[in-house]
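Reviewing the structure listed below.
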Amino acid sequence: MNLKVSIAGVEWKNPVTTASGTFGSGAEYSEFVDLGSLGAVTTKGVANVPWPGNPTPRIAETYGGMLNAIGLQNPGMEVFIRRDIPFLRQYDTNIIVNVCGRTVKDYIEVVERLSGEDVDMLEINISCPNVKEGGIAFGQNAKAVEEITAEVKRHAKQPVIMKLSPNVTDIAEMARAAEAGGADALSLINTLTGMKIDIKKRCFALANKTGGLSGPAVKPVAVRMVYQTAKAVKIPVIGMGGIQNAEDALEFIMAGATAVAVGTANFYRPDAAACVAEGLKAYMQEYGVEDINSLIGCV
Amino acid sequence: MALKVKNTAIVRENSEIGTGIHSLWIEDPQISKAAKPGQFVSLYTGAADKLLPRPISLCEIKKEAGLLRLVFRIAGAGTERIAGFGPGDPIEVMGPLGNGFDMDGCKRAILIGGGIGIPPMLELAKQLSCEKSIVLGYRDELFLNREFEAYGSVFISTEDGSCGVKGNVIDAIRENALDGDMIFACGPTPMLRGVKQYAKEKQIRAQLSLEERMACGIGACLACVCRSKDTDEHTNVNNKRICKDGPVFYAEDVEI
Amino acid sequence: MNLKVSIAGVEWKNPVTTASGTFGSGAEYSEFVDLGSLGAVTTKGVANVPWPGNPTPRIAETYGGMLNAIGLQNPGMEVFIRRDIPFLRQYDTNIIVNVCGRTVKDYIEVVERLSGEDVDMLEINISCPNVKEGGIAFGQNAKAVEEITAEVKRHAKQPVIMKLSPNVTDIAEMARAAEAGGADALSLINTLTGMKIDIKKRCFALANKTGGLSGPAVKPVAVRMVYQTAKAVKIPVIGMGGIQNAEDALEFIMAGATAVAVGTANFYRPDAAACVAEGLKAYMQEYGVEDINSLIGCV
Amino acid sequence: MALKVKNTAIVRENSEIGTGIHSLWIEDPQISKAAKPGQFVSLYTGAADKLLPRPISLCEIKKEAGLLRLVFRIAGAGTERIAGFGPGDPIEVMGPLGNGFDMDGCKRAILIGGGIGIPPMLELAKQLSCEKSIVLGYRDELFLNREFEAYGSVFISTEDGSCGVKGNVIDAIRENALDGDMIFACGPTPMLRGVKQYAKEKQIRAQLSLEERMACGIGACLACVCRSKDTDEHTNVNNKRICKDGPVFYAEDVEI
């Protein structure tokens, strides 16, 4: 039985990774799950300099999901390279570094700094809805998506995954733009922009007013966009959005995703990602599936 | 590193000890064994529409019996559901979480609890061997106060003056001219600000237990941060993680 | 205590109506709820001629919501006018007729036919995601939104509510386009395009492949879009998307909605709409709110 | 118009009568009083992530006791949750829904149930006063068959031949040369197609009970339609609403 998948020439032992921002750099979760059981660990966004993030409250619970407006708080690339890469390298898994920035120059600075480092793939976050300069501007305009992708590719030594925003009219157009820019793979969905209001205090539940909606609630939108994206491009797609078990993951794979990421579920099931990988095996056994690759886009 | 687990615990007792305030005894030997005063656990509601755990401070720890006591106020549908659990019910719990109080080397301690910040003071009062003044602040209705009497001299403040000093915990401290070499405080942010101010003025060190909305509860998501004096070594900015670096901080280290 | 609101000169006894397509023309639900207790009843989409709709399965349950791809099955305007208007007129409530079409000409035909009929408002559905010709083409393009709005207004005798699609990059742009076209009010959100896959059969859960996602799961997206829309235009907004109780309705009102519509909740709580109206009263009593209008956009 | 209500009923009994097949007795005098063979109820799972009700056909109706019997197969997380309810548990239910069987003026009836389409045949067999041949089709494991014996001559078919005629219900009918003037059938669509074909060939009228995914259950949402010969007076197209115009249709009126 084969669970291995290959994305942009990088082999994963199984098609399961973590969604950026829901798993830190793995250290906190290593107490609950063997990081070596995952195909890859995708880190929280890393910028060229430290980012303090947004004021609190930064999260709010919603029906079957949650809103977050962390604002990409991160220690900056130097601390990340010094501390997190060596930590993750102890485990037999791929390291995907999520890169965030305010300007193209910011992104490039991180990409260049990482070019000499021992990481396997880069995920470029051009779709954070919580920081005006968090790339959302790039992520909602096809021309901008193509340009920043091309610019990043020009400086990147590792394969580049472009993370797309679901807050667009036509996801296929954005996907084709990233492919035209030279992206090696695509990941989606980032969060849907949402809002919650505290009717007792008559104020916004988040200090940032709006936040990114994630969790099981958004899964049908995510599966649809992954399906449309996989149909629109030839490069591999990493699907995410509300995955909390193997059944959810299989919807994305059958819709066309080569791999999947577990996000919000980590917050309430610290071993969720590992359980998804296990569950995929169980499904393949039950249904006599020899190779996980045979399920990709089979619908 | 300190043990931290997610288990299915068993509810042993659930009683309403005040209006909308529940006392829950749950059995989880592993967490109970590792727990310290000032730490908390994350409780899961089990409802499909409320996915995130509720952080609840530890009110009492009975290691021999493997029990934990959690006293909380019903603040919404999530805590309301937890309040509905009865003896024998399984409940998902993660813990022990957070740093807990630093109990070393104080000789005369002032414990200050305000409202639903009172419960964590109980286990602290039990484990703190030195001389203790215990100050409990309520809006009106009292709860848990009797249980403190065995561990120190108890002073009460109520906003409506129905019991003890009329006013807040600081009023009670001044009125009773309480003194000590360490303050331990948990309660609403305005109260903690007052305590920080008072401690500074009296040159008493103070440990404050903070709260903020949390998602992961283990320091990964960065939802529950507070502004800190020093840059946090974890994220290299002036934000400490309440769930992991806290919830207890020395007053001078945090901006509240 | 005042629950009355006024939309485009039409007075509602309370700010609660039903979302088009979830309430038929009220007849089936009249067994469970007094239609006279609602501010308005919004009917299922009515076209110039009968529409057979999509093949089955037409619905699928999702986490905290559902997908539907009914395909605007409807009896056409003649049967509607002959049977449903007289039925609804028995009740002391406003009648809002949802109008659907494949071409501008279709819409105009219905609007003109209704101009002489005893109905209070028209809601123009330019955002059905389940029928290629169901208006989605109009609803995702600002220029098209303005044009069809202007064209409809030219022929409409009743106030016109334009129902907007949430499947767009910038909802405020669409809202301003409708306002520029002369819309008297806006309603949103229609459903989010989603997909569900049956992993046992490895096929789409819906015959139409994609469907419209509705229910509590989508509420945060809906509240956010209502907030952005109310900020962008001067005309009143009718908010909907996952409302199942008064607390949900109040989020929309505080975000800027003058009225709200109850949709998917009707399917599992046949008296949901009436309960929302009751719940609004209860909230106003508890918090000493004299006039519901004072809560509109108060956040 | 016929009474139709949404109530909170009480579960009185829940037993597994076959692999993954549950027999649920619920008490709801109002619905029981109004119910007819061939009608169904909508059961609510009570889970926040599964909002839509599950339509379940009526297997038995005890008006005096105000009871309804529902026999269903666990098909997913929703029915699995319902299968978990025990005596005394409240359960939200809406009904009675649908038209039910037309029991007038038949002298020799053939009742045909296939798989989970068997349960509705039981109450029909009880209420139908005429001569009855009862044909029950299973894959392998039998259930409910014994309970039919009091109401007519029972003929069984199993796909694996482990009991009765090897094959499907039509094979059983032919093999036993069953005849009648009205067929009542409920089961998977392929079986109903076979029944429709057989009835046409033998010139016997047939009532077929159909199923389709439903949302509202009362004819408003138009999710559960089937192609019909005549235009449906409700929506003026060739679509009948299974939940409201059905679930029982005369074979010649629907395309399946």
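A few notes on this one:
Note that the chains are named A, B, C and D in the order they appear, and that numbering of residues resets to 1 at the start of each chain.
The rule is simple: a contact is a pair of C-beta atoms (placed from the backbone, for glycine too) under 8 Å apart; a residue touches a chain by one contact, two chains touch by 3 or more.
None of these values were measured; they are calculated from a predicted model.
The chains in contact with chain A and with chain C alike are B, D.
Counted by C-beta pairs in contact, the busier of A-B and B-C is A-B.
Per-chain Cα centroids separate chain C from chain D by 35 Å. Computed from the mean C-alpha positions, the centre of chain B lies at a distance of 47 Å from the centre of chain C.
Mean C-alpha positions place chain B and chain D at a centre distance of 57 Å.
Contact with two or more other chains is made by residues 63-65, 216 of chain A.
Annotation for chain B: residues 48-50 touch two or more other chains. Taken as a contact graph, the chains are fully connected, with every chain touching every other chain. Partner chain D is touched in their complex by these residues of chain B: 47-50.
Taken together, the chain C residues at the contact with chain A in this complex read 62-65, 67, 140, 167-170, 192-197, 199, 202-204, 210, 213, 216-221, 223-224, 227, 242, 247, 250-251, 254-255, 283, 295, 298-299. Residue ranges on chain B touching chain A, taken from their complex, read 1, 4, 6, 44, 48-53, 78, 94, 212-226, 231, 234-239, 244. Against chain B, the residues of chain C that register as touching in their complex are 63-64, 216.
Residues of chain A touching chain B in their complex: 21-24, 28-29, 31-32, 44, 50-53, 56-61, 63-66, 68, 70, 73-76, 79, 215-216, 264, 266-271.
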